[in-house]
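Before I ask anything, let me first share the structure, which is written out below as structure tokens.
Letters A, B, C and D name the chains as they come in the text, with residue numbers starting at 1 for each one.
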């Protein structure tokens, strides 16, 4: 969200964008579920709306059954459908979900216009908008799986792709001095609870790559047998490689092409590698002679970087090489691909979850996940910031995830 | 199919009925898949059409990719999508599948009108109609699972239900003498390959119940702890009861109601019990002091019975008590519920599969399944006959399956 | 058991043989369990003893906990350990199990000597001896899995193997006329309940091979891609081939050898193929242009055949070619390998289970299994007979199972 | 290991202790495997020996097949048996494994006596002794599962247990000031690679409990429905509770008793709770109003504490209340139970794995595990130290694991 938005304008803008993202899809596209991870588009449309109705308006008036259907994981709010069975819900149909959106939108807009929302509810409404932006990204990652796992691999929509061959930017490192640093979101302004409190940390001198790992490097890793060499992998990663038969990143095909939201295309060596699991990111970093950065290192490094990468607003929906000129001293760290860090997702010292049901928003996932930073080409511009902490389990690949290499500095 | 149909009239009638069965459903209803067993309606619409295009017209002209998408299990016809992933196919969408139906219908009708179909192709067209009738029943059983496993359990369509309480018909047995009998379909007229050749068999004297097991009996079984008493069950059945936590037939709810295609209703004690697995049918028969009949016994018993039960054409879509007057000496054995038999599905002596890919139609499923007889309230009238052999694995419950008790006669 | 045995002599002989079969094994060999199917030797030693104590003596005096530990599957006799966890039972140790055997032996012998056993108990004792012989065979099949699935594949004991190359006997068929036949065990003499009652059956003319399928034929099947060609397989069989990665019979190794109870040896083309599943037997028969016989056909064919094959008493523990001269009109149908039949395991008309807990001996397994006939090189001589019905699930391979081909006669 | 040991004396002492720990066990006890986690005693006896032969002597002379059988996870050292199949290895038998130990012991002692070991090999020998001590603890945890999951739950050996009722020590907190601290093992003296390098860290003020969570608190948690209240649990933890049906710590029985290595005993409320997963430790801490400490906090807090708890050398093999007097300002943090920390297992800044195959010793497990600190009543005295980092997955319960509560200090 941009700071200059009024809350009402922001609400209208965010809500309209969600609908726009679903516009290229048929009702059939929007109801199915390819895995427990990836939810149907229709579910996202309804769940984000339920969030406002339940947590801002506080009154389930449209259809009381929607709490059970469209609650995601809030145990405090009662029974709900199993995550893996969201794709069974053909009723309500898509039209009724749009009617639900309109009904709640009208009620929210009325409340905003009449000024009847108390400050706590306004805070939860602001949170609801950031929440909906998160689901905008999930709509794209999840529909990519819906379409990409079908035999015909249809495109989500036609995307403009440059045909000009691009040089793969050389890999260079920028060095950081280390020391005692302040990490996390300042106490003012919007941030999720998991970004706070801002706190001191110590970081040793390190270097960070000027760009993410690119496809050219993944192709080299594959050619040298990286997916068959256990010594490159974490033990859990190697188990996963064998069990799931991984031989390349997700959506890569055997014929030198990959599936994108614009359909099947040749693998472009210059592009940031995406749909990497943490295990692959870690193995690639090891193979390239480095390691993944910690989230503290990452946040230190980006402190003064502009957010100039590619975001969902660019309607590319696929990562692209840096727009910085070769030799530009800056790092392009935001957008394009989420960057796996070496840090397990854990509370900051003094972490306090939000009160009430919203306390489940972040805190209860603080085990078994790794932190990712920076946003991706599927993230709404303005949604991420330097302190933003995304998190996924180490085997997850359906997100727009890549990696950037770090090194110790002697 | 009725004998007096011309082939063209039969084609039009059967094809139209399939579309009519899908009419109450939204596009969303028709694309999802609740289990590997139950296919999407859209898939049924397309698969039955592909059958005519591939095996009658012999030319995949509409879209060559449809072979891979809509072949069910014919290994001889190449690669195909995994059965469990049929519910992912949002493209082609429903409209395109209807266009596919129209295109193939026009080509078939032209071929029939111009007389360009050779006799073997005409035979395969006739087979295709019986095949489509089988899928009409599956459309109903499968959409029942789609709708019935959703939290809101919506109705497929409104069904007229009698409110008049009905007496549960008394259980009586009719005795049969046994001897050397002829079993199976005669060599003339349509029958599936698994009904032939007609052959001699020996049957010992036996008795068969005048009606299927009814809900009143299932309620008694439950009340006496039948689902907790291993001695009533086959060993595999007991394993399934414990593993899957069965406590009642499928679609029964804890509050004395059950889900039907017309929505949730009170359990009517007088109705034939349905959605029983073979294991439950066997246990109920044992508890009631009898056993399931063999398929030979069943076929002997029904030789002179009319087909006067309830079929899909009655638009009831739920089994009902016999229409025969109490004391009527006849058995009402057709329609309402498929009746599990004690016979494993196996080839008749001298069985010959159909030539070519159609040889996979029946023969390759002759292991691990039990024979069922008689058709159900979801079967098109005229589709079944005394020699008709349906078959499902013993744990299957999503079909319209019940049972009738037999006894030895000393 | 031989008819001329007195019951006491038979008891001593059978019990001693069980111990002798376990003699080559260490205590460690006798405790572990490689799969839910294969039980530890120690468990067999104790379970067969418990059978006599519980069902003949009727008094659990040695250790009441043994009922729970060593009951196999009798639900009527209370709680018991999960089948898959038998290999956890290190206490009681082997010495105590031998003490248990001695204690029960002394009590049984005393009862027999003093004549205190009532006729029903004598019948159950006789059943217990046949039961123990069944477990003698299982001791061998199960220890073969214990040893054969270890990396070093040690021998159970040294076996004498002929080094003389043997010709593969030519495949020939003997024709049988068919007609109305009597099947099953006569009412006198020992037989299991599942062999009775003797009853009429109709069999059409058929031909049966002079010998089982041999390794030479399996090698041909493999060479022609039989394990990769779905059209040769039943649908369930093909699913199993793919899921379990079958490329050859169990215990075959990639280097042209196989594991036997005497250790690793070259594959001898002339030997009956063993460790075939029903699915493989069925596919091999189809590939060879025939089919598997029904159990009725098999029983008809062997009616006048001598039991002249190889049994466990020969201490070969591996099947060998027929001992009949080439051109001998007889079939060698007993011993060497159990022969899968096309018949699902089902009750005979008028079947009555044994009374009490023993009613679970056979009847409750009458679903999901196929009948095998004839005994094997691991079966005690004298244990099988023409009417003997063994049964295993179609995917089972750890038993000494092979097949013989039948054909229709026009 | 105690510092005053000569290497030879230490070698003899450690090796003898391992054998002594296995002495109460039969050969049968030592071969079986109750889960993929818990290895057979015999495997531990052989694996620790293989470690010396392969990595110190560098020559596999006794039996080359032992590399494949007894390598644990070193990918650099070639093929090995699946972890879950260690319990199948009945050959070599236990006697031969003892012969293997003797052979390697003689060769090591000769090398030490003659001074033929180069310094790197001496370092690896020292590592091998610490490695063997780790397996001494695993022998105890793993045999506890072997015996405790059997129906009869026999004791490992008789243990002296005080019958005097003990008061549950009151829960009190000691406060620590925080600041910049040095963490990790100093560069001199033995430590595992994962304890280094020693490095600066920042810790905020915190408080740490005077004792671990005790059974009285677990009983309260259970009584208040803690195992049924999702809001107390991490999301992954709650999934595990439901999936595995947890209702109490591992080895607790429904009748108010628990299984110990000394057999079944009443639950003593005053004892430290053990066999807790990380999820349970985290939920208990939340329920008690605190949280788990980070590993940095833990290490700061124990810096000046004596190692005065109960260790394996005490032959209690079960945790006991603190030996410190009430009001003693000190914490008893070593021994009794390993203490789960809130820290995911990750490399320290500048971490360098050991060279060669030993590089796999620790580093490749740095994902999906939590750090535990302090040792347990099954750990050899002298094996742990303040910087020692143990690690297990968050659902692991078969280890001697408990927890201590921390709190933020405002």
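In this text, contacts are C-beta pairs under 8 Å (C-beta built on N, C-alpha and C of every residue); 3 or more make two chains touch, one makes a residue touch a chain.
If you're wondering where the values come from, they're calculated on a predicted model, not measured in any experiment.
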Label of the chain whose CA centroid is most distant from the centroid of chain B: D
For chain B paired with chain C, centre-to-centre distance based on mean C-alpha positions, whole Å: 37
Chain centre separation (chain A, chain B; CA means) in Å: 46
Inter-chain centre distance, chain A versus chain C - centres from mean C-alpha coordinates, in Å: 58
Multi-chain contact residues (two or more partners), chain B: none
Interchain pairs in contact, sorted by label: A-B, A-D, B-C, C-D
Interface residues, chain B side, partner chain C - complex: 73, 75-76, 180, 199-204, 230-231, 233-238, 278-279, 282, 342-344, 346-347, 349-350, 360, 364-368, 370, 394, 408
Chain C-facing residues of chain D, complex: 26-32, 34, 42, 65, 68-69, 81, 85, 87-91, 93-94, 146-147, 149-152, 154
